[in-house]
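Below is one structure, written out as structure tokens; the observations come after it.
The letters A, B, C and D name the chains in turn, as written, and every chain counts its residues from 1.
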């Protein structure tokens, strides 16, 4: 079999582990030939690819990023790809395409599959918000990085009597905030799934100060938002030069709390450190299993499906199940955290 | 409700997170009173306990070990406890006991439950070999520590052309070896579930050397064993002083490989570093959820059960399901590793 | 001897290690009595202190923050302390005060020493900018945290073809930027000691892109500044609500580079994670040695001095040598970095 | 200038950072040409080398091991090299050789220098036992790894009431044991510089148990030894098969303590994890500075010298000063540790 593989979308620790696993399983297990398209779907359209053998993937298991590169693709060009789906396969002589990516990539994958291209997807997102899989690789690494940051901030907050607001990733789903907040013991957690009231946070902090715990750490997802009208500062503001200046929720919430509490409150925006670098052991194992099963699925002809974690097993799930609905933090997970939401 | 909690058996990162969670959920969620017995079942029998409030569990979420201490208890004294199960509850005024422990502890828990004590168990083992739960806390930390060691050893092995044998924990099940071996990219993995043939490892290493990869890392579970008659060295040996000297499988396998290959092969025995210290974010979240659900189960009267992870949910499973059979690495997980077994 | 100890100023990993060392050496080595003032000089003035024995410092060696708390003190109240220096010593019965702190604290220490209080200082700053000591504890931890972040960002930048600007601490001296930039392999480093020209950074980045290295990481100290007139954006700006909004140099530089390059350039502001949490082994050793020597100096009557690292030895240096001039990055250290400055 | 570089001796985190720095400084700063000999002096004698440009050293700064490989060389062949020193230079057209290595390598370097080869050495040892430099790269990483292990073991020892003996590297000098023991807060430290009496350790442990601290961690250098006649077990023993079986001091000391205390005492042998993997930020900076100054020294004709850290500066020191005497832990450093030695 000749397998094409590509990585698309934002960075995510574990991408290289999937690529390596596809090559190992394909070559060693089935005698397949593997080619890797560069810069995601762009490479597919532009014919930029290279053969991948054992040497090409040597030493990449624990490396962040992706050796194949990644790029965003405009929707128009995707349609172009879909229109020429079969032709593309013939041109490159590939029997299957394994795209590794997030919601956008999987939607594109489905479009290609519908157009007749044999496709097996591998889901990828640090946000853990793809349905039809218990977890995605990259998420554990992001949570780990965020938790380490909260651990560090907590000792500072405690001995210097500070309120700290840590903004973590998660535009549409609050998984990273939920789990790093729980793991770090954050006193408040704000997630997109449930609009928060700054008054609740203020009450919690004042109660803490009253009983001698003169610090607090709030973990807020970048996509969290206050209930309407509860906060003074808006999202984007026009500065004196006429530019719109975007202020993240972390910064805004810290200002709001400082104003209400009459105490200093510092924002810390973790940003891209959450999506780079060495993947955790958990993510390497999950990514490796995804790669392995993607190759098996290809050989079994399970096209139009993607790999998914279900309990302790990897199962193949239809691409459509993965992309119709975002997996959001349910109410019962919020309750378990025993923090102010 | 008055809740008694204790930790028993070997060390396991996350124990403190469970204790903290029980106290937080009990106190804040239900207005419970919590007492902690010291040194496992010993404290229960000897009446050594202390009240646990929010201050008592402050700052322990990320700390290794257990603030309650742990100890092994002889079977005879356990029967004593079982015989006085109801009396013990009355003495301490507890409405439920939450023992946190491994297979032995859960067996004891069941014995107490059968004798009429209201018990809700929380499973604990770094080995991940308890049935009826997808994972146990402590396991991810152990795998992480082992993987970091393999990462370090691999660069040394590669640039100094060495064969390294890393022995990790896992007496009856090979989960730690399997996952750290996969995450670290070990070239051979030996686990108790499948007796290994040193000849296979030798063949793999020679094949690697032949194609210019002049190093190899083997990850071996402490409970792995060779197929009968395939290795020269026995387990225990009598030294010149007449003492029996135990040699672990890591050391023995390294000697065997060195002899067969005619090259140096170094053993590294990771030992107790795998079960101590700061738990990973994953383990803190799982431990916190277990503690939370144990309290809920107590309030719902789900005695004789323990917490279990099933997919993404925590469910209560009968203690008997957890202790009848060890959870061992199944064949399909071995296949996914693409290493020599 | 009766020794008073206090911690003042911003957080710094290693403070607890110094406190522990003072207690261990004082108690075990000399049979001293140790008391710890709470919240820095405030506790000294307000009589808030507690005795410190071995139990009080048990388990704190590796813990971030300070068990004694810290607070800023207004200058006026310091003069009050100086006016009553001898009286204060009598009130608390202390034979020596060991203040652990940064430039401000050491200046206060000198003031008290001049007013007749027996004082032995211990220098503390993550910025490493105190003269008369080769290094200060906390610095290595800050550099380590910053380097880990750069490591993570670099893989993302590389595989996703990004320009990243990492802002690290260092208001007056660029040590953290210099060393984390070198350790992380940053392509440009901006420090307060040498105003930078964004045009140099642009030229370097374009040269990199031209030879196929389609990413760059710039490490910038928070106190770095461009040569006059070279950048469009000012420091503080007045937003639409009439508030002044401070924009850090990292954010401004990223915007400037994005504008000039016509490519996305992302800022990452590391902030307080650099000054919290578990100290590195290096910092624990240095902090422990400082504490030990401070006690020895107290017994030798070396008042008005502070501990300093000189090569491999700890020496006592006059407080005045430490506070007259900031230790800034010299030209020859800049040259060694082989990055654009 | 044409520069040859090689790495020799055991593994040491930071080797790649030196190689990278030599290439960066040589190429960018001076327009030099750099070649790298493979497998240490072997490659020099056998003509195995490759050109090193910026691409060849891209991405290696943080990688453990050495991209050039390393190997031990027999003394006889070194003499062969010395006899043909000038010829070798002509053959490869190199104007200077930069060998990076430990005591043996530096001795060889001196031999070559005496025979007329222009040589600039770079000292390397995780043991930190080379004279004429305050520190060597690799040491900080080894101490960091050992300290992390002690941190983990301490929580286990504490909550499970154990005595743990951690054996770290250091055959002739106890630097790693000293600093990781101090950083980890070990209760006893055994180093080659001062023969230890197990009775002192027993007394310390019993005193601890008596005051309720029912655990202890001992950090022992692999080269530490008891005062004569104080311990039952010898070094090497003849087993039942007639083989000599080497038992490290860690294992022996644990047995000795267990026998004397009547309590379990567990050995943990850290082994090669201390010399592999990602170097710490400190080691990357030091290694980079060494590489930079080695190139400068080459251009200044400072042959027969090696780079050395003196305070905060890198200075060139005569090779003979580095190799005449091992740098051992002095008495005053032992006193500072406040542990039982």
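Just so we're on the same page, a residue touches a chain if its C-beta (ideal position, glycine included) is under 8 Å from a C-beta of that chain, and two chains touch if they have at least 3 such contacts.
Owing to the predicted nature of the structure, the values given are computational and were not obtained by experimental measurement.
Novice: In terms of CA centroid distance, which chain is the most far removed from chain D?
Specialist: Between chain D and every other chain, the largest centroid distance is to A.
Novice: Approximately how many whole Å separate the CA-defined centres of chain A and chain B?
Specialist: About 30 Å separates the centre of chain A from that of chain B.
Novice: Using CA atom averages as chain centres, what separation in Å is found between chain B and chain C?
Specialist: Computed value for the inter-centroid distance: 40 Å.
Novice: Based only on mean CA positions, could you tell me how far chain B sits from chain D in angstrom?
Specialist: Each chain reduced to its C-alpha mean, chain B and chain D end up 34 Å apart.
Novice: Chain A: which residues touch two or more other chains?
Specialist: Touching at least two other chains: 151.
Novice: Throw together a list of every chain pair that touches.
Specialist: Pairs flagged as touching, ordered by label: A-B, A-C, B-D, C-D.
Novice: Using the touch definition up top, name the residues of chain D that touch chain B in the complex.
Specialist: Residues 10-11, 15, 63-71, 145, 148-149, 151-161, 164, 237-241, 245, 266-269, 271-273, 275-278.
Novice: Considering only the defined contacts, which chain B positions touch chain A in the complex?
Specialist: Touch residues, chain B against chain A: 21, 24-25, 28-29, 58, 61-62, 134-135, 140, 143-144, 146-147, 151, 179-180, 182-185, 213, 280-282, 284-285, 288-289, 292-293, 310-312, 314, 336-338.
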